[in-house]
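By letter and in written order, the chains are A, B, C and D; residue numbering begins at 1 in each of them.
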Amino acid sequence: MNFCSDNVVGANAEILAALIEAAKGDTASYGNDPYTARLEKKLSDIFETKLAVFPVATGTAANALSLAAMTPPWGAVYAHNEAHILVDECGAPEFYTAGAKMVGLPGEHGKITAATLATTLTHSDKGNIHHNQPAAVSLSQATECGTVYTPAEIGAIDEAARSHGLPLHMDGARFANALIKLGCRPAEVTWKSGVDILSFGGTKNGALMAEAIVVFRLDLAETLAYRRKRAGHLISKQRFVSAQLCAYLDNDLWLSNARHANEQAARLAKGLIAIPGLQLLYPAEANEVFVHLPTAVRAKLESAGFKFYSWGPQTVDGGAIRLVTSFCTDSKSVDSFIDTVRKLSSKVA
Amino acid sequence: MNFCSDNVVGANAEILAALIEAAKGDTASYGNDPYTARLEKKLSDIFETKLAVFPVATGTAANALSLAAMTPPWGAVYAHNEAHILVDECGAPEFYTAGAKMVGLPGEHGKITAATLATTLTHSDKGNIHHNQPAAVSLSQATECGTVYTPAEIGAIDEAARSHGLPLHMDGARFANALIKLGCRPAEVTWKSGVDILSFGGTKNGALMAEAIVVFRLDLAETLAYRRKRAGHLISKQRFVSAQLCAYLDNDLWLSNARHANEQAARLAKGLIAIPGLQLLYPAEANEVFVHLPTAVRAKLESAGFKFYSWGPQTVDGGAIRLVTSFCTDSKSVDSFIDTVRKLSSKVA
Amino acid sequence: MNFCSDNVVGANAEILAALIEAAKGDTASYGNDPYTARLEKKLSDIFETKLAVFPVATGTAANALSLAAMTPPWGAVYAHNEAHILVDECGAPEFYTAGAKMVGLPGEHGKITAATLATTLTHSDKGNIHHNQPAAVSLSQATECGTVYTPAEIGAIDEAARSHGLPLHMDGARFANALIKLGCRPAEVTWKSGVDILSFGGTKNGALMAEAIVVFRLDLAETLAYRRKRAGHLISKQRFVSAQLCAYLDNDLWLSNARHANEQAARLAKGLIAIPGLQLLYPAEANEVFVHLPTAVRAKLESAGFKFYSWGPQTVDGGAIRLVTSFCTDSKSVDSFIDTVRKLSSKVA
Amino acid sequence: MNFCSDNVVGANAEILAALIEAAKGDTASYGNDPYTARLEKKLSDIFETKLAVFPVATGTAANALSLAAMTPPWGAVYAHNEAHILVDECGAPEFYTAGAKMVGLPGEHGKITAATLATTLTHSDKGNIHHNQPAAVSLSQATECGTVYTPAEIGAIDEAARSHGLPLHMDGARFANALIKLGCRPAEVTWKSGVDILSFGGTKNGALMAEAIVVFRLDLAETLAYRRKRAGHLISKQRFVSAQLCAYLDNDLWLSNARHANEQAARLAKGLIAIPGLQLLYPAEANEVFVHLPTAVRAKLESAGFKFYSWGPQTVDGGAIRLVTSFCTDSKSVDSFIDTVRKLSSKVA
């Protein structure tokens, strides 16, 4: 079983079927198609507000374009030290923003706090031309650590940001997983808590390649059409991205996918912490589980065909691994993984 | 019938089937999948040489990334005045190259000539720090005017470029259509004629969204992996782009698609020029036909359900239109279009 | 005598004296000094309006920063085909604007016309995301051809620009020379005619290295402080630029300098056209004279110690040369040049 | 007395005299003048090696251009957390490098260590396209904390950098001050210790506005001429920058200036630490002294006409201040400052 990432798996049959359907007949290109119109309508219903939608093929594009709409080149964008935009996008935000500064903030379990942000902004020397100027805040929901911000936490962060005039971006590559954990309405955890632009993920949760930049603060949408085109992220046959996202939203497929993934992660977490000596790094709130394993156990798991990535610093005695579940993770594989770890751990002990 | 563009149509059943097949099972993400490996092998066989391949979702991305690999920010890139990179990409090349200058050259039928390029380069003030420095040449094959460069023409352009140390890029959004017209081997019209990087198109010729940057001069490939990632054009589930391209190449689907499109364009052209008073703007060598039509005729064609775009300046009396055929244009629609024009023209006359 | 450029000469004694004076005592750095405050006051008086001033060390910096304040990265900036920003700054505008497109317009004697601009803007496809968007217009005053726009001409160009929402930049590297020719008030030929930002030149007209970005439309000044700092063009001991400019403006030194230079150019022009067979390329309205000379004459002039640059295409029989006068060109040298040409021309003839 | 910075003072009489001398006669512009040639010769003699020189008007320009010559846009540049390039240039390095990442490293007294760098580089994931790639290291000499790297320390850092293929930049805005402290030859602490490009400062040490990019690794100089021009940092009358630097180097003026400044800083430091309860933040090795002072003392110093900046976090009880000496700081002012602090401190105590 492959627990490396939620992007090593395929795609939902429903989404593939939608592509076949969308391939029929001719339609206007570059987004002037009925699939895109339907997508905007659906998202507007789901988020219970007027919004603008820009479908793109990757999460990095969604994030970098969103940030470019929020910051001047001399701006500073605040995010958690381990945020994808800071460490996993090879400088895409700097490229798209013409050189803005991504500023990492510390925080437990992959989450920044309103207090840390407020302190940082207080000392940010606003108006001093020698320093990058505070421009935006970006949160990952769910985080890189598989944890989830509550609406209250987001609201507090937004308050700190807003008091300095900063807009709020949410990297929602795993937004559905966060939503399932919270059990709240999409609006509550986004624009009602202050989120101005959401990178709404589809690819990691059942689509082939489909993300949407969802803009709640419509004045920020103004430049996105040009930015997207200019970056080569306006797909000529855009119907094929929009159709994926429509199928993803139809019949709450996105939610049932995420619910399944989260349940398998919870099953994994529960099974692993029941094994004496094993500890999770972070609470398993979405579809990721992080656990320390001795080197010997890891090697044998790999020999047994299990795949996963290392997480953080590794020593000769071992280190943490990351396990990611998805819409198609089956519970047998999960149980088999737990069993194998249990047996190996007792031997090692 | 919709003659607006070859991106208003759907996709080949074979390519859709390949997506369904590719959706099965797990595989490594970010291009480390067997589909991408197979794609590189196939392209290498087809082009009869070692090469590097970077699949992306759009032609603008393929072009802008290719040019960024060829020019420093202070470089000048030469292309035809009407080239897509100059007029239809909202400045994508400038964005990707950090501000290089795109220099338009004149030329009949959408093609630049070796002589014009040579003269331009002779007066380009190489080494003078006050001026942008000659850096690269880009050809569209087929051109925006539906015409095709012969290997001899490309070779001559390459000679002019090479004598000043400039690499050669080919925008092959409609490469298959050009190849069908030429009836030569892919290698002859690319690297054997001096092409260093080819934007190899799939989307306009049957794919959903699939293009490949094909790099023949391998030292130019060095930075492309980072540039692509940083631009958000590295697709996490890249298998879904590579699988499209594999199916596109399998059983020469790309060639039969292009052959069909070219044949329909030729049928259109033949039918239209047989109508008294009608003249083509350019020879119809690929899958595009350009013709002047009186305003009255155009309006009635549109009323009759035919769709197409205007081309160039329009006056009250009329102007040129562009008709684009594709892998799924049927000859009945073509004949119907011709018949309608013939009837309308006789009435107008 | 060196007629190569107005930047091959030294500087006014008054300006040098001002540097010595400014070197006394300590003062706040980065522009918070009394010299800069006095400069802003003086320019405000001279231009009879409230304005913002950003002193910099080069004209290229002044131009590129000004344009960056006016255009988004996907903008198009219109200027004459031979404008300094298009051909002599190695792509500085593209660098500073993060890749905007500089669009050259034709026009006699180095000047664009309102009509050409209006036609171009009408066909600029505003709002079409595939194309760079009209963003700004830039005029050189005096032009690269030594000609001068009248207030009426600028007003008409501004009207064409304004009707499409475009701001107007003026490259005034030789602003004083233009002003002398026009004999009007500085306000008339700038903000009263629609100019929003002026690159106000000092270096070519007696300063060592001192230019000022003069912003009339104050909302455009907002970002310039950050842009300038970020580009390394905020001089730490800014008093030394501001002091140059204050001395330049004191006692109308800038105007007497320019008057002298223009007079010498007029003397040159008058003398040269009196020689049978000689013709000026453009009316000599400022401090530059362009004239065709046979190759043999040119070579002998150079042997006689006269220095000048070629202008435009050169053939075996000759070509045009550019002669630039400055605040310190003496009439003896001018007469000697004319005499030498006259003698050589009669021999050649 | 003004201890705010070494850029609040004027300029050496010798340097002003050189400007007057340089203003005589005509000479080629854009660096093709004898002053620039002499500058290159002098620097070559002083550094005992072949080198390339690019005079510019500001230290930010020197730094940002140097870094741009060393890193691709997806590179990571390592420097101390408090380095000028990281915190005081409003993102100039990101602008010039087209978005490279400046990575701050911790280190006592404003200095990074070879060990910290080596560890960081070991975990930098070289070759992983998802992460910015290690590209360059930048050291400040003297540092922002007024401390100085020894040749051995630089050599060790260079070894760590070189083993990963990284070039070494030195921000030498206060290079002369560091050199005086070390008492070594300029070559020892630069290219012989691995420095590839040096931002050689003049402005803070007696010039009006004059810095030089000194390139030891000549292949890195290749692009600098274009980068400088394109940034508007090629001064047309460059003789006026080069003449400043020539006078700065003539008769070891730069060294006597720095010696004087360092001596005054040492005098300040010695006087202050002799006062009971006062402590320096860092060893005063160059021309800066950092000391904690109670709020009450600070306020009274300011009332007494002394000027200085706060340094780091300030509380109601006080905080650190920075005192900078220069070529023209007189010892009376220094003694007066010390006396005043002594008296105020005893009263406060």
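Please note the rule applied: contacts are C-beta pairs under 8 Å (C-beta built on N, C-alpha and C of every residue); 3 or more make two chains touch, one makes a residue touch a chain.
No experiment lies behind these values; they were computed from the predicted model shown.
S.K.: Going by residue numbers, if over half of the contact pairs line up, that's a repeat, so tell me which of B-D, A-B or B-C repeats A-D.
M.R.: B-C
S.K.: Select the chain at the greatest separation from chain D, using centres from the mean of Cα atoms.
M.R.: Relative to chain D, the chain with the farthest C-alpha centre is B.
S.K.: Using mean CA coordinates as chain centres, what's the chain C-chain D distance in Å?
M.R.: 35
S.K.: Between chain B and chain C, what is the separation of their C-alpha centroids in Å?
M.R.: The mean C-alpha positions of chain B and chain C differ by 42 Å.
S.K.: Express in whole angstrom the distance between the two chain centres, defined as the mean CA positions of chain A and chain C.
M.R.: Centres of chain A and chain C (C-alpha means) sit 51 Å apart.
S.K.: Provide the list of chain B residues touching at least two other chains, using ranges where the numbers run on.
M.R.: Within chain B, the residues that touch at least two other chains are 30, 73-74, 89-91, 95, 98, 129-130, 226, 229-230, 234.
S.K.: For the complex, give me every residue of chain C touching chain A.
M.R.: Those in contact with chain A are residues 30, 72-74, 98, 129-130, 133, 223, 225-227, 229-230, 234.
S.K.: If we count contacts the way the header does, which residues on chain D are in touch with chain A in the complex?
M.R.: Touch list, chain D to chain A: 73-74, 87-91, 94-95, 97-102, 123, 129-132, 313.
S.K.: Please give the residue numbers of chain B that touch chain A in the complex, ascending.
M.R.: Touching chain A from chain B are residues 2, 4-5, 7-11, 13, 16, 19-20, 22-30, 56-65, 89-92, 95, 203-204, 208-209, 226, 229-237, 240-241.
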